[in-house]
Amino acid sequence: MITITRRIEFCAAHRLHNPDLSDAENKRIYGVCNNKNGHGHNYAIEVTVRGALPRKTGMVMDLKDLNDILQKVIHNPCDHKHLNHDVAMFESVIPTAENMAIKFWEAVDDELQQYHGVHLHLVRVIESRNNFVDYTGPDPGDIV
Amino acid sequence: MITITRRIEFCAAHRLHNPDLSDAENKRIYGVCNNKNGHGHNYAIEVTVRGALPRKTGMVMDLKDLNDILQKVIHNPCDHKHLNHDVAMFESVIPTAENMAIKFWEAVDDELQQYHGVHLHLVRVIESRNNFVDYTGPDPGDIV
Amino acid sequence: MITITRRIEFCAAHRLHNPDLSDAENKRIYGVCNNKNGHGHNYAIEVTVRGALPRKTGMVMDLKDLNDILQKVIHNPCDHKHLNHDVAMFESVIPTAENMAIKFWEAVDDELQQYHGVHLHLVRVIESRNNFVDYTGPDPGDIV
Amino acid sequence: MITITRRIEFCAAHRLHNPDLSDAENKRIYGVCNNKNGHGHNYAIEVTVRGALPRKTGMVMDLKDLNDILQKVIHNPCDHKHLNHDVAMFESVIPTAENMAIKFWEAVDDELQQYHGVHLHLVRVIESRNNFVDYTGPDPGDIV
Amino acid sequence: MITITRRIEFCAAHRLHNPDLSDAENKRIYGVCNNKNGHGHNYAIEVTVRGALPRKTGMVMDLKDLNDILQKVIHNPCDHKHLNHDVAMFESVIPTAENMAIKFWEAVDDELQQYHGVHLHLVRVIESRNNFVDYTGPDPGDIV
Amino acid sequence: MITITRRIEFCAAHRLHNPDLSDAENKRIYGVCNNKNGHGHNYAIEVTVRGALPRKTGMVMDLKDLNDILQKVIHNPCDHKHLNHDVAMFESVIPTAENMAIKFWEAVDDELQQYHGVHLHLVRVIESRNNFVDYTGPDPGDIV
């Protein structure tokens, strides 16, 4: 198996808060991440795709195309924004790193449908040097 | 000259906005950093002190003491906060990296007064891998 | 599949030496790592857990809980210690990066038993920028 | 499963160009990477091997042996060279990161044949902080 | 004194070779860096400017402006190029890291003339993690 | 002014302990760093030299020569050693990062005497990502 990975970065604020729960329960679950005015991160996102390797090009996929997709569906909507208030895909989704990985997977996967023989393999959301989330898609049984 | 440097990190949201200016002028000056709901960073702060080197200890200053100061006056007030709304030292100061360096210098310098023979030398505010600010104090002529 | 990873760091000395072997054989097997007085590293340990993602929290596991476990069973016993002489779990185990990964797995896995639906997935022991060890548990067939 | 990973680095120039294609098509496929005089990178290569863990040594494989192999078949032929013009293994292979991963896999795998119970598991070619390629060998079905 | 620093990166090939010297002398002086077909690096350039801090903006200089300058005079001419063959400023200058720092200083300094009260302070050329060059301008006596 | 910097790394154990002081006072001054069996680090040392820039070579100093000096007087004596017990230069010197910077300065400065027009400018001892020491020599007045 051969994969290529592209990394992008963006700066954003977020707040972990479930509006269906009481303030006390939010505080208990999310701790300092529940701060009313939010906090923020320099996020790094690594997106990995796998596919066949055409002898003609020696590339699984044009990195520029992959980069353009990540700019369009991740960087542009999220950079220098507050994820909870400014970003459509988190309108009704709590922007934990886990949920971010899932939403970014969905957005990138949509764009990759037009690329024959290329499959999304992994989305990594790096919130800080000390923690990151990996997501390999809705049905791991599909991943060879 | 011999110096020791300690690095701490915190995650915070901020917004660059001068309330004395019009919205249009704020937008022109600060661009994407003026986003109403703010954005955020994993900040890293490096604080450097210089001093004599006592033969008895071989240490300019106890790193644990320096770390305790940085925790008290930088990390604890700022971590997982919105600098504009939650942090006293930025109540009437725009939290640009430059102003953060100056306010952190003042706060650390106050604490260092009780340490004989140790002088604050440099505060570096690292906002992202691509930009940082250095501040060497209000009167550079004092710096030997 | 979705996983979260937490990283901790500690500073420790160690020596690679098998007391059941001759000095000559130890020297041949471990080379410079067999130095009698030991050497040391800034170790970084990355621990990955996988699990279901509750809609209510959007978190596989509370990162603070995971961090507390790693502090308790990895950082506190090992930081600023000599692994061979000061740390119970290496009393009769040669502290190679491989064995460290296995012992840390066992220690973290014990603590995770009380967390329903969360499973230890990977322990990475990073000895230096140039080498690390990955361990995925005693029976890879269990890992889905 | 337990694996060890060794990282090496080298500096090299390369050009992405398929001599069987027209200049226009090369430009379209490879963009700026097709620059006639080439460009270059500080490459980092991470090679991962898996194997049983002998109780006697606590090491999957002697890291010094693995390092010697990587020096011999990767670093020495490629460092401070132009991959297209100076390196035998890329004489008729376009030095994309994907092809580099495959050629390095083949070269390391040859050397590992003499090590009983040790298997090549992953070759990662890191071209820059923003992109890397992973290769797990010609028949992923073999990888347990 | 207060400074801000902006970092950019580019990938390029280069060759250390003085056409006024014999091949033997070039080989003796530059060693592996004299390889005829060149080699390459992921270069990182850090450019530091100092200046007064206007109370109105809290910024020594608009980072976007500084970034635009670095894109224009450093990144655009050098990225994915062979410094010796493709870049005008190295037409008759050997592209050692030292000479690169001087040429980049001159190019950035020209652009900064239109910014009142802002002075170029330092250009750092990082060739690899293991070596970099700092240049503080043609007359260090000017630097306060 | 123009400088070049070379970085080397080594792994070592050390213990902070002044034999002229009581155990209680050592514990009070050095805390966890006083652990009887020592602890350790992946040390990184950055050595900066300044000098004139010969038009003929475009290099302040041959980086290979500088690297050879650092290997000889820093890496070889210290790597995979216990600084207190195995390294001559710390026989009667407590191996704090400050004292290490001074001893490395002296050792490198001795070697540089044979290089006309090249002066040692800075020695940085990086003990971990969170702390480092800078030393600019015994008489800062000499440093222009």
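Order as written gives the chain letters A, B, C, D, E and F; numbering starts at 1 within each chain.
In this text, contacts are C-beta pairs under 8 Å (C-beta built on N, C-alpha and C of every residue); 3 or more make two chains touch, one makes a residue touch a chain.
What you are looking at is a predicted structure, and each value in this text was computed from that prediction instead of being measured.
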- Message: Give me the step distance from chain C to chain E, shortest route via touching chains only.
- Response: 2
- How would you label the chain C and chain F contact, same or different, if same means the shared numbers make up over half of all numbers there? same
- The larger set of C-beta contacts, choosing between D-E and B-F, lies at D-E
- Message: Sharing more than half its contact pairs with B-E, counted by residue number, which one of D-E, B-F or C-F qualifies?
- Response: B-F
- Averaged over CA atoms, how far is the centre of chain C from the centre of chain D? Could you give it in whole Å? 28
- Note on the structure: When centres are defined as mean Cα positions, the distance from chain A to chain B in whole Å is 30
- Item | Interchain centroid distance [CA atoms averaged], chain D/chain F, Å | 34
- Query: So which stretches of chain E touch two or more other chains?
  - Reply: 129
- Query: Among all the chains shown, which pairs meet the touch rule set out at the top?
  - Reply: A-B, A-C, A-D, B-E, B-F, C-D, C-F, D-E, E-F
- Item | Residues of chain D touching chain C in the complex | 1-8, 48, 53, 56-60, 62-64, 144
- Note on the structure: Seen from chain E, its contact residues with chain D in the complex are 9, 11-14, 32-33, 35, 37-42, 79-82, 84-86, 128-129
- Task: Spell out the residues on chain C that touch chain D in their complex, using ranges where they run on.
- Result: 16, 18, 20-21, 29, 31, 93-94, 96-99, 101-102, 129-137, 140
